[in-house]
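A single structure is presented below for examination.
When the chains are written out, they are named A, B, C and D in that same order, and each has its own residue count from 1.
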Amino acid sequence: MIIMHKGATAEQIDAVIDEIKRLGLKADVSKGESITIIGIVGDERIIPFQRLSILTGVKEARMIETPYKLISREYSEYRDNNRIIRVGNVEIGGDKPVYIAGPCAIESRAQLFRIAEEVKKAGAHILRGGIFKPRSSAHSFQGLGAQGNDEALEALSWLHDAGRKYEMPTITEIRGEKQAELIAKFVDILQIGARNMYDQDLLGTVARLNKPVFYKRHFGASVEELLSFSEYIAVEGNKDIILCERGVLPIGKGKNFTRYTLDLGAVPAIQNETYLPVMVDPSHASGRRDLVYPMSCSAIAAGASGLAIEVHYNPAESWVDAAQAITADELERIINVCNHIYSIAAENKKKTAPK
Amino acid sequence: MIIMHKGATAEQIDAVIDEIKRLGLKADVSKGESITIIGIVGDERIIPFQRLSILTGVKEARMIETPYKLISREYSEYRDNNRIIRVGNVEIGGDKPVYIAGPCAIESRAQLFRIAEEVKKAGAHILRGGIFKPRSSAHSFQGLGAQGNDEALEALSWLHDAGRKYEMPTITEIRGEKQAELIAKFVDILQIGARNMYDQDLLGTVARLNKPVFYKRHFGASVEELLSFSEYIAVEGNKDIILCERGVLPIGKGKNFTRYTLDLGAVPAIQNETYLPVMVDPSHASGRRDLVYPMSCSAIAAGASGLAIEVHYNPAESWVDAAQAITADELERIINVCNHIYSIAAENKKKTAPK
Amino acid sequence: MIIMHKGATAEQIDAVIDEIKRLGLKADVSKGESITIIGIVGDERIIPFQRLSILTGVKEARMIETPYKLISREYSEYRDNNRIIRVGNVEIGGDKPVYIAGPCAIESRAQLFRIAEEVKKAGAHILRGGIFKPRSSAHSFQGLGAQGNDEALEALSWLHDAGRKYEMPTITEIRGEKQAELIAKFVDILQIGARNMYDQDLLGTVARLNKPVFYKRHFGASVEELLSFSEYIAVEGNKDIILCERGVLPIGKGKNFTRYTLDLGAVPAIQNETYLPVMVDPSHASGRRDLVYPMSCSAIAAGASGLAIEVHYNPAESWVDAAQAITADELERIINVCNHIYSIAAENKKKTAPK
Amino acid sequence: MIIMHKGATAEQIDAVIDEIKRLGLKADVSKGESITIIGIVGDERIIPFQRLSILTGVKEARMIETPYKLISREYSEYRDNNRIIRVGNVEIGGDKPVYIAGPCAIESRAQLFRIAEEVKKAGAHILRGGIFKPRSSAHSFQGLGAQGNDEALEALSWLHDAGRKYEMPTITEIRGEKQAELIAKFVDILQIGARNMYDQDLLGTVARLNKPVFYKRHFGASVEELLSFSEYIAVEGNKDIILCERGVLPIGKGKNFTRYTLDLGAVPAIQNETYLPVMVDPSHASGRRDLVYPMSCSAIAAGASGLAIEVHYNPAESWVDAAQAITADELERIINVCNHIYSIAAENKKKTAPK
């Protein structure tokens, strides 16, 4: 990491970048209002920090040990503010919570459009719909996208069209490198699911498509791992990363009555470490329709930047994850209550934050 | 379990109870407005349910497989309402959240009285203070109580007096059977700590003291285990049990930035299973002062009946768990915000509850 | 699943297969000595089992609920024997334990050839060497393969040549779909690492290359998940799957003194469920050189079909995972002791197996 | 910790001990062949190490941070050898593995004597039998001891008599402080069960009875916690502690096919940290009769000092834990194979141990 002097000129900054490139490395420039920080991407062991530290305009040059330095709040210009990710008219990480809603899996054009209309009316901002579904059994329905190229194209165009018609940016999951380019042509936000969190080649491939990435924590991953693997996206020059907590493995013998354990302490903990926005998925975490409401309230009260919720007009008929889908009516009430909680908890947060 | 007919007379109920006693078992009578349920305590394998089912007034007699039948919402008169536990003027499980606050460990009379005064002013309802501290190292400070009988007596009388002076019921932890009777003479609510959750002999001993029990979930226990071991208190005829979620073992390699993982999905999940109130301890769960505020908001938004928070006028000087204590000023802000969230989230909860 | 009558003719079997294909599904034929079982690959909900059950030669046609039916011992011809996977002259799953050994990462031609010579002499059967390394930090060395196409080709040819020279089949890890085809041209066994266990698109891509797959359990995965995701390989018609236990997430607060918790009970548990061979990786599990010996003995005593061990002539200089590499001398002693234990434990196993 | 000079006299050692007592602390003296180490029990913050370091004969006086210093290999005279615990003619931690066997719960005099005779013949050294059973349901059979004083006395005398008749020391579990003294009158080794591992008051009470303690790891405890809580026994001056690994919480979604995950890497890891013997309980760990054999072999191969196994002449009829009991015939075969493995693995261990 190289920290430039406050008055460093553009020429001085460029000279440092050139020097980094000459060493066969990449420079990651983070320009704040008064300070410029240049991260170095590559194997740090070969970097001649001493030589870099005497270039004109350089205040400090040193190795950063943390594996997530590019997205770290500490080593960036985002010390006191957050990165806001803009998709269409939606701002993620800003002053208002953002709601992603839609069916778990897209089943038909009619199903998607009906749900899209309903969630838009309920107050959702972004439309979700699964086309390539990661499933625990090879013998379960894998999404329309898995049935062939034509079906994938058709489902993607439905999602695209529903998003345009109801004025919501769209999001769907990318499960494998080969689908990535096609999906990116139709969809605004690219999702990496929890099971693929560690799949570093997929991360790189998706990152290079230069669209915002919705990145879910694996159920066996620590917060540090989530941050460290986010760095595989950031090293490609893509920092439009939305982190998502969706529950970790439950502990103990016998029943916990929830599918996963939603780790809401992770929300403020992550916010301390990185400037990236954090959202929460209360649907997959609980796996139970009746817990979506309390877990949504709880997530927003913990400071989450928004929620991703599965909605179906007839939850019981949903092809995938029927037990956790809610109706648009329930979504509307959740949005109203959560907006209210957000305004109370966030406003007071500022007053109580310790130094 | 024996369910009586709606019009069953007191004599018929008594006759069933007598018959149960004749079998060498205990009866646990749960009288609702219109229905009486008689639980049977003892080894169910020897119960002649057929014979009991033909007694006059009996509607149904059958074995209940669940290990927590006495505290189960399903097999009790508390189908649609909760058990409210009254201690002095405080109602736990009622319409308002309850706040337990005080030092982690009692260090001196002056320290306790100063903190008691401050937390009372901040809005706390119940005064906590550790006298016998369960510690992970045998070489750490174990609380004043562990230093001898005189010290224990002195600390207990301080806690008692501070509670009377500042009009708050008191609570402290019982770590072993031998301390139980003494502590019960001075203190209003008896705490079983997380590490002793499974200690069934201690549970029985404490239960028989006939005071409300504050019962914390072990960090390796499922919700089902918490409920099943609560039953060791209930079988002694004591159902004034306040359950407390305080975080489970974190998952994953590397740092999670919180000491434990607060399982807030457990709050509504437990409320579905039992009529007992559930509180949350955000201090031990996070182990970090700066996370007490967001985790408090989050717990109340999830529907918790209250919070247990560690407070010190000079957190950094606290002998035990210094990293997580907050000041009374911070407590006051937390109470104000949480009361607000509770009113919003709870009111709307009624509207959104699925059938 | 369709079970044919004992005397079913080839024509009858073909007729059933044709019918399955007509339904748009795939048939997975498992021919035992006296019985033929036809698995059906695809969405079972649409299968007309009743119609299939009346075809000539069919004894029984019914839906199998288990998510790992194709590799299940119960629904295959391998009820009492195991699948032996042959690679060159090596038999995995047979009467003798198999040892995979080599460097964690290939560093140079000289390093690889020197280690290959040493492990061959020590008694190893298969040569391993990492070229594309999955790392927890994006800023760590990712293997020679990640440095460019030329470097990848070079390292792959070294591995190929060392295998030929020292007469050992070779194995390396495939981290992403795009590397798969290239790697398969040079290497005999394709490894899916623990972090990619859930990556179903990668599983399919690798499976279709028709080489044996060495498939490692994720550290957060249950045995059932390992088996269910193995099915993603099997549905591609590739059943040459070698399962590998390499440790799961450690439990509890504080140190466990091992990097992961090696789950050796999983070895016989897996063997009960599937006919596939199970190997163990004691190096990554413990992360400690001094525990490789006891964990190797322990794994073989539990019934493992072999071990995968990281070896370096100068462990401390190893670029990756230096703490766990052992020397070839240590490997030789491990192989000698383990062969001895295998003969004792396996022979007696037959005598003690319960019905 | 105070390390004395090699030639320190008895008077010098006594003078140091006197000084420690004068400070209100306890001295824990560990005399090796050439070196004497004096541990200090109590709150180390108040110890004037400087003053102690200038006493005659003292080589070094300093604070030890580890929470398990009294049982630590590093800070004791047991640097290169182990503590051997002698009970009757049995040596635990010595050159041969030790087998504890008997019924899970004592059901009757006849049942116990029959099993005692059988396990003795099979080669067992120590007789186990549960009288006070910790159960997960308050409504299950809690052991004969829980049915009343007379029943407890009777069952204890049976265990005592069976031990004398078949010449085996005996062991049973102590679940609560109130039973401790009574049990110690009849039984040779006092067991603390996994669920009571953290119960520090019970640990102290049992330790002071001055009999060997068989101390089982909690299923949610790290190795460091097991060692740290063992220290609660050691600070009472009782170092005859036999540690027991019995499985930790399984990881992952879905089935693992074993009740717990036996952590056999913990065996050598513990042996590196402490001089105390480590045994393994393969019965509770697996919860499956057919896995007792492979897990026994595996535990002994990992270096365990012995096994604790549940035996019943008619496993299916066992009142408690019927699924995991084996017959004495199976025990005999296990003992024969394990003795063989022990001799191979242990002998070679010496040759392979790294510096």
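As a convention for this text, a contact is a pair of C-beta atoms (placed from the backbone, for glycine too) under 8 Å apart; a residue touches a chain by one contact, two chains touch by 3 or more.
From a predicted model like this one, the values you see are computed outputs, not experimental measurements.
Trainee: So which chain is the furthest away from subunit D, centre to centre on CA atoms?
Mentor: Here the answer is chain A, farthest from subunit D.
Trainee: Check B-D against A-B and say which one is joined by more contacting C-beta pairs.
Mentor: Between A-B and B-D, contacts are more numerous in A-B.
Trainee: Using mean CA coordinates as chain centres, what's the subunit A-subunit D distance in Å?
Mentor: Comparing mean C-alpha positions, subunit D is 49 Å from subunit A.
Trainee: Between subunit B and subunit D, tell me the centre distance in angstrom, where each centre is the average of that chain's C-alpha atoms.
Mentor: 33
Trainee: If you average the Cα atoms of subunit A and of subunit B to get two centres, how far apart are those centres in Å?
Mentor: 37
Trainee: Pull out every residue in subunit C that's touching 2 or more other chains.
Mentor: 136, 219-221, 225, 228, 249, 251-254
Trainee: In the complex formed with subunit A, which residues of subunit D make contact?
Mentor: Spelled out, the residues of subunit D in touch with subunit A are 136, 219-220, 249, 251-254.
Trainee: Using the touch definition up top, name the residues of subunit C that touch subunit D in the complex.
Mentor: 219-225, 228, 247-258, 261-270, 272-273, 285-286, 289-291, 293-295, 297-303, 330, 333-334, 336-337, 340-341, 344-345, 348-349, 351-354
Trainee: In their complex, what parts of subunit C are in touch with subunit A?
Mentor: Touching subunit A from subunit C are residues 41-44, 67, 69, 134-141, 175-179, 195-196, 198-202, 205, 218-221, 225, 228-229, 231-232, 234-235, 249.
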